[in-house]
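Dropping the structures in below, format is structure tokens.
Here chain A shows up in two complexes: once beside chain B, once beside chain C.
Entry: the complex of A and B
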């Protein structure tokens, strides 16, 4: 188990390193372009050249990368080109908003998706067909359209919930919930659709397994068989799919934050990329990769705990 | 070529199935209309999509000259929607083409040749998929500026794993097919094999995946423009959405048109993709269904006509229940399918088992012996049920019992040993827990007592280190050990009847004898009745007291073992015995003999 986990960590680190190299080279490829983006179109060649030197962009790419990497390892991601703010601060002040949205969405999606998937697999019949249709619809309609629909209906027309704004969970949990219900609903729909479908399939496969028949022959109750044995064997599929969905959720969060005016990473991303603030963009890419890698590790760990066979491979 | 005709009809019927699916038909029609509208935009719209007349801003729909009204800059919404379709669809198509150009060839190469190219490209694929597409696009925008074509180009690269994965999987599956081997052996070059055999197989998944990816590309493109980081000088659906959302309070209706256009197109693409998959997959399932039915259906008439006792020379058995029997099955009929039109797999079966007696249930695969065993256990697979007859166990008719009431007799009354040891232990739980839990539930003893008993049982079934096996997971023990564990589990709640379904078939020959001896000893110790389902007369001779021979769903002969071996009465029994004694003929010989006997 320990070596299994160590291998996964090594893989995650190698991927993050690769992402940082590729992102850094592509983002910093054109030094002149960066300087011109900061100074504007009217700037003279001389001004651009001076700015390039000022930012240290005249030195070779690999030198700058190693500089960036060594300071990144100490938690210093450089400074924004436009505001006198450290990149790490700009990101970390916004991170809790995005994380609270993502974690709440994942929990909601997991509960609903597993509930629907289990019910569809066990009862089959009309319930199964309803879940199937909902899955296709949830997958077919882009998440940000769902978010727009929710805003227009529940916030603007019915005025049931606030359309915009954010209250931190730590200051006022009830207020947080009021501001987060619509974003969570909008974001979780796609993940629920995809995960419920997979949980259903995995449950049906396990229900057909030989050992389920043997467990029945031993006189165990149907409830114990389904919730202990079948669910455990089917849940590693569900958890894996949910983990894959997480990458999509992270992207979706950027759009949803913008729609609901939540001050999270998505807002940072849009503000700073429009201005061409490369250090912040680089930091954002790294942070996103780190979040994805962490989630993947958690998924691997969960699958390893659920499924003893996975630990050997 | 004769091969092209059946292929053609297969494709035609898949297409017909696709179009006969109302949802898929509707989705295809909507998509065609949208594409036609995009192509005919200059004809359908009298206005210029970018012509702005500020004093005409926010005109409502159905205004003169403006079918859907105007936006905040006084531009015609209908014109922008039509010309927007051109840009949005072209952008999504660009991403799809790039994804196909990268994903399909690399998937073909990785799947066909494997090796280092496969490892490298799979690693790269994982890398590409470990960042949300929108983050990559935002980063690209910071460098390249707002251009729909650049971002769709990059998104094509991000989407390419979608093609890579399905193509690679399909190619790996087909590469190992015999006809591809044959083609290789016969000297065809790799390019010819890929062109002729592999491409035909991957075509369907590519089309399906293409529809899904096109929808994703359109969604992300509109999302990006909706965020306001796109090039807002062009009329596209995403820009219209952005414009509509900014004016949501002033002009709430204007967001509806681009939202509908994007939503309908994306939904249509997904539904088309799913419909295509269903249409192509149904071909497979239908074939299987048909062949299954073909294998089962003839059972019924033959079994009923030829095997009724009165038609047959063999005296099967008295109809009255045997007084001291623990199990009496009478006139059992088991079938699958809808009520009234079932496919019958077991018919007219009568048998009795007395305490301490081992009854062998012998027959070829498909003779109905396992179905008989499962109906006694109440464990028929989904769709199967007892149509007629009674299963008396301890004076209770199991055939009338509900599924939940069956629980009361399982484990303590009737227990079961399966055929395939490895697939019958839950891979996620330790062996100890799988032995202990049923004892706690059924014998109402506490965990400590159950643990002690489980260790004793493991020792009793001949496992050398019971403690270690108790703490092991199923994948950590051998097949022979697993079968011993399953036997221990079956006898753990002291059942009075044991049903063993081919308990030695999956084991090595050396282990087979030991497991049979173990079964015989356990049976003698506790005076259990046993039904031993087997196709092997050697096993019958070894362990059984009486034997019932099954053929085509019914019992053709039942007698004590000595008599059956000495004087087999039914021709089918004679044939089975002859084949066993001669050291096993092939199936074809048996079939030939059967055909001759008819």
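Entry: the complex of A and C
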């Protein structure tokens, strides 16, 4: 088990290093006029030239990369070009917002998706068909459309929930819930759809297996069979898909955060990228890579626990 | 029901009950109508201040953030006229190179420091070296001095007709001199303004509370909150659900939606839209050196069609870059049919100039404008024989490239200013938007005369000649002047601020 994870961690680290090289090159090679963008339209060419030197932008790319890398390893990702914040601060103040959204969405999606998938697989018949249709719909309808619909109905017309804004969980749990219900509902739909289908498919396969027939003939109750034996074997697919969905949610969160004005990483992605705030964008790329790597590790751990066969690879 | 589904139902019911029980109305409380003050004004914005250092204050959308905590030397009334503020009166010397201001003696900053002429000097000198976006407002200043506690003397290297405007803008913002040097001022403003910054969540919201020791007339709202809503849809939803009392809306289609929901939408002309012909000397593209060619390009574009489709009809066709509030503005220029859409005449002009076979024009493309716009322009140009090639830019890259003098032309929407600022920004040889430094002896002479003109009458006369020159020689290909929208929810009365994207913070009162 230990070497399993040691190898996974080493892989994740080398992935992040490669990502940082590629991102750094792409961002800085195509960036002209950073100094001009910072100083604004009214600055003179002389001021722009001075700023370029001050930011070190006249030096070769690989020199700047190694400088960035060495300070990143000590925990200093530099300063934002456009706000007086350190990159780490700019990202860490916003990370909890996005994480609380993503984790809550994943939990909600997991509960509902597993519930629907199990029910569909066990009961079959009309319930199964309904779940399948809902899955296709949930997959096809874009998240932002759902979000806008929810806002119009619940925030504008019924005035039950706020249209925008975020209250931290630590400040006021009830307020956090109120500001999060609509974003979670909008974001979870696609994830539920995909995961429910996977769970249903895996459950049906396992329920057909010989050893299940044997368990039944031994007299175990259906409930015991499903929850003690089948689910454990069927869920590794579901957990893997959920992990993939989490990563996809990172992208969906950008749109949802914009619509609900949540001050999370999604809004950083849009605001700071369109301004060309490269240090923050680099930090964001790295943070996203870290999150994805962590999620993949956790999924591997979960699958490894659920299914001993997976630990060998 | 199975144990599992029962649990799920209970959890869902619990969550719903919790949310509804904890739910307050979530709306901004409407101010009471029979008291002079109201508790809270919530405004929706899409920009936030990069730093609270007054020397880095941006005009336009971000300015109210600074107005809340800092006062300026001069105040611009909603109609653009100048009023006393921290300075009670001011006069120029005879050759307009020295402005002497008399300052108030009863103002204290929130850290206890007194405001006096020495503080003003410290602020202006800090402004000149801080490298903020409005640094050019101080470009003509040679030195500042404080002969006594209530007298400030600004000495100029050359006359600056926009100086008083600048002193009502970023240049004139006064912060406590003790705070100016420190790093803290970026996040903790120390001024003499009607409010103090109570809480700031960067990227989300800024809350200001009343400064009880304010020297001036108290503003009606005890507290002002800015919600940062960068997405236009989020801002509309916030207004519609009662989370903000007022906000700015920049997308043309928003206005129809807001009016349909019975919100009051106030409009004023703010920007001009059209072509900037950077390469008037024909350095990159010899064809553009001929004013007939530039005129042909201008009249080859169906500007009315563009205004209707891209601009949703929110604007007026125009031929000049000066706003109607400027002295140089001349309504007759707008009704000059010479610049009406006329592809036939465009072809004639091109033939006259020796380009009957057409030529190639390179257009820089940015993500701010819809792609359909560039397709229409390309089509219009092709109809008169001009082939448009494209250079694509990503976000934030277009303007630096344009100002760097690498392109012959651009389509752009640009802010309109008072006469002198317009000339300094767009027209004269070292204007930011004149990267090739094109100039002409007749025009330079007019600009010099404007600079030293002693009265508004003189300035009007010369300014209109400058305007006429620019229009006659097709320095720009102006299509329209567009309307900007500001919407309120009816609980607030607001006066728009002339030539400023959003109303000044002084312009809001509770509605009756």
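The working rule: the second predicted complex is superposed on the first by the 297 of 313 C-alpha atoms of A that agree within 3 Å, B and C clash if a C-alpha of one lies under 4 Å from a C-alpha of the other, contacts with A are read in each partner's own complex, and residues count from 1 in each chain.
The rule is simple: contacts are C-beta pairs under 8 Å (C-beta built on N, C-alpha and C of every residue); 3 or more make two chains touch, one makes a residue touch a chain.
Here the structure is a predicted model, which means the values were calculated and not measured.
Peer 1: Does chain B (first) or chain C (second) touch A:148, or do both, or does neither?
Peer 2: In the superposed model, A:148 contacts both chain B and chain C.
Peer 1: For A:258, select first, second, both or neither according to whether it touches chain B, chain C, the two together, or no partner.
Peer 2: both
Peer 1: Considering only touches as defined above, state whether A:156 meets chain B (first), chain C (second), both or neither.
Peer 2: Once the two structures are laid over each other on A, A:156 reaches both partners.
Peer 1: Based on the superposed arrangement, let me know which partner A:276 touches: chain B (first), chain C (second), both, or neither?
Peer 2: In the superposition, A:276 touches chain B and chain C alike.
Peer 1: Taking the superposition on A as described, I'd like to know which of chain B and chain C A:33 touches: first, second, both or neither.
Peer 2: both
Peer 1: Between chain B (first) and chain C (second), which, if any, makes contact with A:308: first, second, both or neither?
Peer 2: first
Peer 1: Regarding the shared-chain residue A:221, is it in contact with chain B (first), chain C (second), both, or neither?
Peer 2: first
Peer 1: Which parts of chain A are touched by chain B and by chain C alike?
Peer 2: Overlap of chain B and chain C footprints on chain A: residues 30, 33, 148, 151-152, 156, 258-259, 270, 273-276.
Peer 1: Using the touch rule from the top, collect the residues of chain A that touch chain C in their complex.
Peer 2: Residues 30-34, 36-37, 39-44, 47, 51, 82-85, 90, 93-94, 111-112, 115, 118-119, 148, 151-152, 155-156, 159-166, 174-175, 177-178, 181, 223, 258-261, 263, 267-268, 270-271, 273-276.
Peer 1: Spell out the part of chain B that touches chain A in their complex, as residue ranges.
Peer 2: My answer: residues 126-127, 129-136, 138-143, 215, 219, 222-223, 226-229, 241, 245, 248-249, 252, 255, 259, 262-263, 266-267, 269-271, 274, 377, 379, 381, 403-404, 407-412, 414-416, 418, 420, 423-429, 434, 437-438, 441-442, 473, 475, 486, 489-490, 493.
Peer 1: List the residues on chain A that touch chain B in their complex, please.
Peer 2: 15, 18-19, 23, 26-27, 29-30, 33, 136-137, 139-145, 148-149, 151-152, 156, 208-211, 213-222, 224, 229, 232-233, 247-248, 250-251, 254-255, 258-259, 269-270, 272-278, 281-282, 284-285, 288-289, 292-293, 296, 306-309, 312
Peer 1: Under the touch definition given earlier, write down the residues of chain C that touch chain A in their complex.
Peer 2: Touching chain A from chain C are residues 2, 4-5, 8, 11, 15, 18-23, 25-27, 50-51, 131, 133-136, 183, 186-187, 201-205, 227-231, 233-234, 237-238, 240-243, 394-397, 399-401, 403-404, 425, 430, 432-433.
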